[in-house]
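Shared between the two complexes below is chain A, which pairs with chain B and chain C, respectively.
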Partner chain A sequence: MTISAERPTDVVATPPSTSGAVRRGGWFSQHLGTALIAAILGYLFGHWLGNHIAGNYTPVVNSGVNDLANFFGLLFGVVGWLLGIGALNYPLAKIAGRSGTEKTPDVEGFSKYFRYSTDHKTVGLQYVIGVCLFLFTGGLLAMAIRTELLNPTTHIFAPSTYIEIVSEHGTIMMMMATSIVVGPLGNYLIPLMIGSRRMAFPRIEAFSFWIFTAGYMVIFSALPYGGFPTGWTGYAPLQNQAGPGMISYLFGFAVIGLGMMAAGFNIAVTIINYRAPGMTWGRVPIFVWSILATAALLTLATPVLFSAGLFGILDRVDQTAFYVAEHGGSSYLWENLFWFFGHPEVYIMALPAFGIVAEILPVFCRKPLFAQKVGAAGMIGVALLSFFVWQHHIFQSGINPDMRPLFMLTTELISIPTGFIFLVGMGTLYKAKIRYELPMLFSLALFFNFLIGGLTGVFLSDVPVNVTVHGGFFVLSHFHYTIMGGLLFAFMAGLYYWLPKMTGLMLNKKIGLWQFWLMFVFFNLTFFPMFIIGLLGQPRRVYTYAKNLQGLNDFSSISAFILGISFLIFAWNLAYSWFIKPEKAPANPWDSLGLEWQTATPVPVHNFDRIPVIMTDPYHYGEPGATALADLSGVSSSTGNPA
Partner chain B sequence: MTDTYNKPGVMSTTPEEVEFELRAHIGSIWTGGRLFIGMYTFMVASLAFAYFYLRSSNYSMEWRPNHVTAPTQYGWAIYACVAVMSLLAIFGQSRLRKGQVADWLVAGWTAVGIGLLALFLQLWEFVALPFYPGSSGYASTFIGFGVMNAVTLFATTYWVETTVARAHALKREFGADAILAKTSEARSFRANVAAMTYFQGFAFLVGTLFLLMFYVL
Partner chain C sequence: MKNGEVNHLRRMGSAWAVIAVVADLVYWFAVGPHVPPGRLTEAAKNNQMDFNILMLVALPVLLGVWVYLAYSLRVWSAKRGGPEPVGGPAAASNRRTQVLWISITSVAVLAAAAFGTVALIVDHGSGGGEGPNPVWMPTGAAKAETAALAGKATWAPGTNAVLPVQVIAQQWKFTYRYPTFGGFESPDLILPANTSVAFNVTSLDVIHSFWAYQLSIKADANQGVNNVAFTETKGPGQFVVRCSELCGIWHGSMYNYGKVVSQGAFMQWAQQTEMANAANTKLLPPFAYTYAPDANGAAGGLYPDGTVTPYNSSLTYGAKQPAS
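Up next, the complex of A and B:
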């Protein structure tokens, strides 16, 4: 990438908006409160409208369930939410021809976190709180599940309530997990890591967060509607037979899907176009590569989920028959569409985790990242291959048996680029003098956990094993090892590593160590027994089990409770380190070479005083005399292309 | 390391930085337009998958009993509207490149009118269907297509309208030659027109495919 030496005298003096949020001061401007009020009003109006339209229809009168009213309620509720927060101000103003590049002043102070801010750093911190809310809600539901499984005969919940809790837990966790890294860390860090002063489409970025929060409320609204019995996979025909809570599931997925597409779209475009001069693809940090691969998956796989959700909603509110075999539809259609999104979703969760640890390892090993380009290639390879494996999820669901070997092969193939990434980590660790700081501990834990999750995944891709353990706790343990053992540990590593940059405050190390050891030990004690429980035949999503499995289940449940406590310790650490005894973070507490650490803390609105010129990649640790990462005095002082 | 704790700099830009950001901005419009087409492709591809999956499966022999078809006059009329919108976009852009702003504006407003007409026809078609939504696989996928097409028509018309409205605003703010100038606003505007034209051309191809699927085959 080069910068023109020609002085563009005919260009206006201000760049396309580098500003943050629109100023809206006072209680009567748009903020979270007005969004809530507008959402409630929208919900009431939509519900009334749906009843007005369909209240007298025979199916509605006979069943007492008006899906149209429920759907319209949620739809208008979401529209009200967006109107109330101010997300629709600009799209409406555009109709009159308003510019997209008008410079607007920033809102200062704490209230900006409750408003429609277009500053990527504010959005990133909003996401931190948002995903933690998701995480804790889903975690509470997990505690409820493990409590029920303490005893096979004495029950706390009815079977139908239990499956509703399981379904809500799975859906909330999976939806949260799609955004847990891309949302907070991706939005905050990508412009800093590529040397940009802004995101490509700040309004789309802000939209992605506020629609994400709307999706959370829509999915959670299933509980007062009576929940949904399908698990997070929402399989038809149960989907068509379920109660009104199913609308919340289908519409919630579609709403969160919109947020995922918006986030992926914005981040991909930003990385492609806003890299600082000199930042060739070979110099792009590995975390950015992982987010780029993830953004591609978010952008291209999620529309399929959105369509599948639309078809499901139409089946319920308009009586179409997409998933009803008796009327020319097919439940397998849902399964195919769902998993065409669903398997890339696994990598939407895994790739950012790999990116975080690959970014952190060299810092604490004081060694260059081993085979950086191979790691980036592995990430792109995983992203591409993830589109060709979805049918391994339906080996047992009636697909043509002749298709099984093909998808078994593609699934096993994907372990090769995944192995590339793993080897990058191992190569970096080799002969390193490791500093065991908290981010490093969480990163090392990921390799341990993901090794177990990944190896069991190779077994599961084999049809004979799949036939044997399908639908049981073995599968459950496998994906918790990959998603929780991988993604969540990486997320924690990322938070401990980057929150000092994001907030200017260090997190307490002692409390963090308590959290880490409890989380690591009791994560394994919770989920490893589930492999055995699964092999002994306990099925998922069932509230009872054979009496001889109670010991293992109790062991797992008690471990899960302590695992839950580790998250409370994390919440306590945030409160302690931010409010009770705040400790200012040094400018670069980990001695990182990353570009994001080279700018001021707290990061100014425009990120960099000058757009930096990148000289090399950021992994030259332990190399005396290595080229400086960047010329921070900017492009105007640079002569030509340093690349 | 640069210890700059609590020493945020003052925002200033050099001409080179302004030009760099402008190029990045225009590149974003270009990339975003293509990526949006990619997203749209996967969305309509899932509908096409549903169509062919249910058609080939023909569960309960209920794919399309009696070869019932949606009203073809509506289908062709909507398709004609989409085709004219695309042609107007291509024609308008070529005239804009030659400096004929007025031609582009007329083409744009005409496209807005035609887009609204197509949207009205698509919605009205729902009340003129000779089948119930769940009467067959064909009927279900047609309803899905109708909803997606209505959203596409609305979004396309919105895009055209906001672009034309922006052109008028630019003329008001910066004078008659504002759209053809070398200012950042004008360059950004023309990039947006190019992305919009590209998308409309693609939407026309998609419309052709679905016309064949739902009204001809």
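Up next, the complex of A and C:
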């Protein structure tokens, strides 16, 4: 496959930002501070408006609670946030009939990280900090849960507080996990890996990040409202019965959902249309494949959640009855809509993890990626099948009983394409020369953890066994093994692997090794006992349990605290390697053949001076004299056409 | 194929075979019989068996990957300074391996699905909630359920009749109703041994889940819906009932204990309770599979005309109440 002669000229279009007009961002331009102020003003306005419209109506007499005021407060708060950060400048200018075509130049310097930046590299790093904030908040709540469960009879929290904590933990972690890889690594690396100078829709990309941060604040606004008691699944009619914090949950998911749809759409379009010449589908790196499959899920599954949340808000605010059986609605409607999104959602979390480890393994094995096409097919297969398994979450709920064998079958079928990832991994290890660097250790840990998570999934999908394990600690442990043991370990692998490229600074290996071993060992010691706790009959989301389970629960709790410390060590590593003792990263510290490592570090504003011409796939390790990955002197030189 | 390659795989394979067989044997004889939910009912026994059979397959898979990982991470570590890996198309894909892998996983997965389906059907839904219109029922269940609705259901020791029991979940307790004994309500769940039981699970408010752990019964309780689950009790024993669907702040405290007792003892308890409760039972609405109050019911006002019922109007007592 050689370069097509026609494409180059339009690929080497004008660079996205006009470097001549660098804007100095002052205190009075738009940044995080103005966004916060506008959000608060928006909230106050919305709250006033809601009370003005529906002040006479409260669902509970004299409760002083007006759901419309809460909803409008949050809605206008988010609008204010977007206005304040500058997300709406361009669309508003267009609506006003002014020329919106000229690109707002990006601000240079450190303050760009607090602004509405359309550079995918800035957005990627913003996302790193954003998801870490999400992750650490959710993690703190997990520590609180484990503290409460130290003793079945002595309680640290009131039951109402405990249920708030559990619900916030689940929801925050789920929201965070939708974007933890796609956001930071997807946005930063996709253009670099496919040889593009930018994402397809830079403004939509920036929008996806800032709406994501708005979602973080919306879900937190539940706490001052007294939280919500439904867990992250938000089942109705408990949802209808819950206090005003429920609005934050419903609207929070809608806000995060907007970000997910925007990110998915932008990434899918970028991957399909912005590949460099010569980057055929067979040469697309496996990480890009995984992100493409994820983007498809983000774009197609999230609208269902968005609508379901809207129905929930209408039920509360406008007294519709979508989910209220006694008024002709159905509690099954929410269950089905939620899981129709919810199951693709868990693969939104799994697929990028597969992509990261498959991308990292060949580098540290010095061998080509084994069965790359099977791996990519597996990811697409998982993505497709994930739309047909959702009722396995509600096997015992009283759904049409005839459907259960079908969903048992589809659920078990999904382990076939998932198994492809193990084929890829194990095949790559075969007769390799393995270097145990941190990214490799974290990647290998995924195979260990995800195997346990995946196999226990087969038990859960078996309807008879599901009777015992559904709704208990067994399933809780199962999804922590897949999401935390899979996604979070892969995320760490990705950070240790790519942060040197993104920041130009190496992360300290010694501190990283402490983090890895504590995290790996105590992750397993925290969650493995939970399989047994679940089998012994402990349901999820309870503050009390059988006396004889205290030993196991305590073991799990103490391990969880040490697991928590491993994340502090990670935070320490970031602080140490970035600020205390920065060590400059070599241009290609891992000797990778990947295209993202072939540009300069730090990555120039336009990524590639010339659009590279891709010659082959990036996994030709152990092949002296193999074709170079790409002609970096680019199209322009090969066509004799200066950029 | 070079000798070296064959040796690696053979070494891994033989190590795996030994470990897997030992693990399976140890599991089957030492662990399997003690796996929850035990053997208090037919469903529990079968579900324990299903779990153990899945484990017999899962253990070798788990150990296979672990043996492979342990072996390759040790033998092919860069620290050992082995030969440089050989790249090229042969290292990047191998049709035989790929076809073999896909075939083996597909067969295993399809077998697991077929096995689960058979177990589900043979065991009358395996103790899981089958919804208002169950398809896999024990013999006599349909008859007993219909009779219960007409107020004509009877149960006596030694008759092999199916015993319908209604489970009414509400925030945050379970109440049990026995239509075969005049429809009395009790906070205690007492069941006769060696009897087929049909649990009719419903809720008065939010979604709960009736999880009788040692009976291996789990059925969500939805307002206005009758979710039916079946099992056959074995010998006498105790069990715990927990709510396993988050239902609000006191969800953690929503549990109680039940007993399987001999058929004679059950009969005695039921008749005594029926008599003791007679005055209260009279005030209750007639037995129905959904327990939603109507215009005349206890809470009142939810079904003004008695016709709005989510699933089957003939099964809701609201349809039959005379106007007050």
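Please note the rule applied: the second predicted complex is superposed on the first by the 599 of 643 C-alpha atoms of A that agree within 3 Å, B and C clash if a C-alpha of one lies under 4 Å from a C-alpha of the other, contacts with A are read in each partner's own complex, and residues count from 1 in each chain.
Everything that follows uses one rule, which is that contacts are C-beta pairs under 8 Å (C-beta built on N, C-alpha and C of every residue); 3 or more make two chains touch, one makes a residue touch a chain.
Keep in mind it's a predicted model, so treat the numbers as computed, not measured.
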Regarding the shared-chain residue A:A325, is it in contact with chain B (first), chain C (second), both, or neither? both
Applying the touch criterion given at the start, work out whether A:Y274 contacts chain B, chain C, both or neither, answering first, second, both or neither. first
Scan A:L423 for contacts with chain B and chain C and give back first, second, both or neither. second
Look at A:K509 in the shared chain and tell me whether it touches chain B only, chain C only, both, or neither; answer first, second, both or neither. neither
Could you pull out which residues of chain A sit against chain B in one structure and against chain C in the other? 325-326, 328, 330, 332
Any idea which chain B residues touch chain A in the complex? 1-22, 24-25, 27-28, 31-32, 35-36, 38-40, 42-43, 45-47, 49-50, 53-54, 57-60, 62-64, 132-141, 143-144, 147-148, 158, 161-162, 165-170, 181-185, 188
Complex contact set, residues of chain A against chain C: 159-160, 162-163, 229-231, 233, 235, 237-238, 241, 325-326, 328, 330-332, 365-374, 394-402, 404-405, 408-409, 412-413, 415-416, 419-420, 422-423, 426-427, 429-436, 444, 447-448, 451-452, 455, 458-459, 461-468, 470-472, 535-537, 539-546, 619-623, 626
Interface residues, chain A side, partner chain B - complex: 3-16, 18, 94-101, 196-198, 200-201, 261, 265, 268-270, 272-274, 277, 299-301, 303-304, 306-308, 310-311, 314-315, 318-322, 324-330, 332-333, 336-337, 340, 504, 584, 586-588, 591, 597-606, 608-611, 632, 634-636
Going by the contact rule set out above, which residues of chain C touch chain A in the complex? 5, 8, 35-37, 43, 46-47, 50-51, 54, 58, 61-62, 65-66, 68-69, 72-73, 76-79, 82-88, 91-94, 97-98, 101-102, 105-106, 109-110, 112-113, 115-117, 119-121, 123, 125-136, 201, 205-207, 209, 211, 213, 216-220, 222-225, 227, 229, 240, 242-253, 292, 302-303, 308, 310
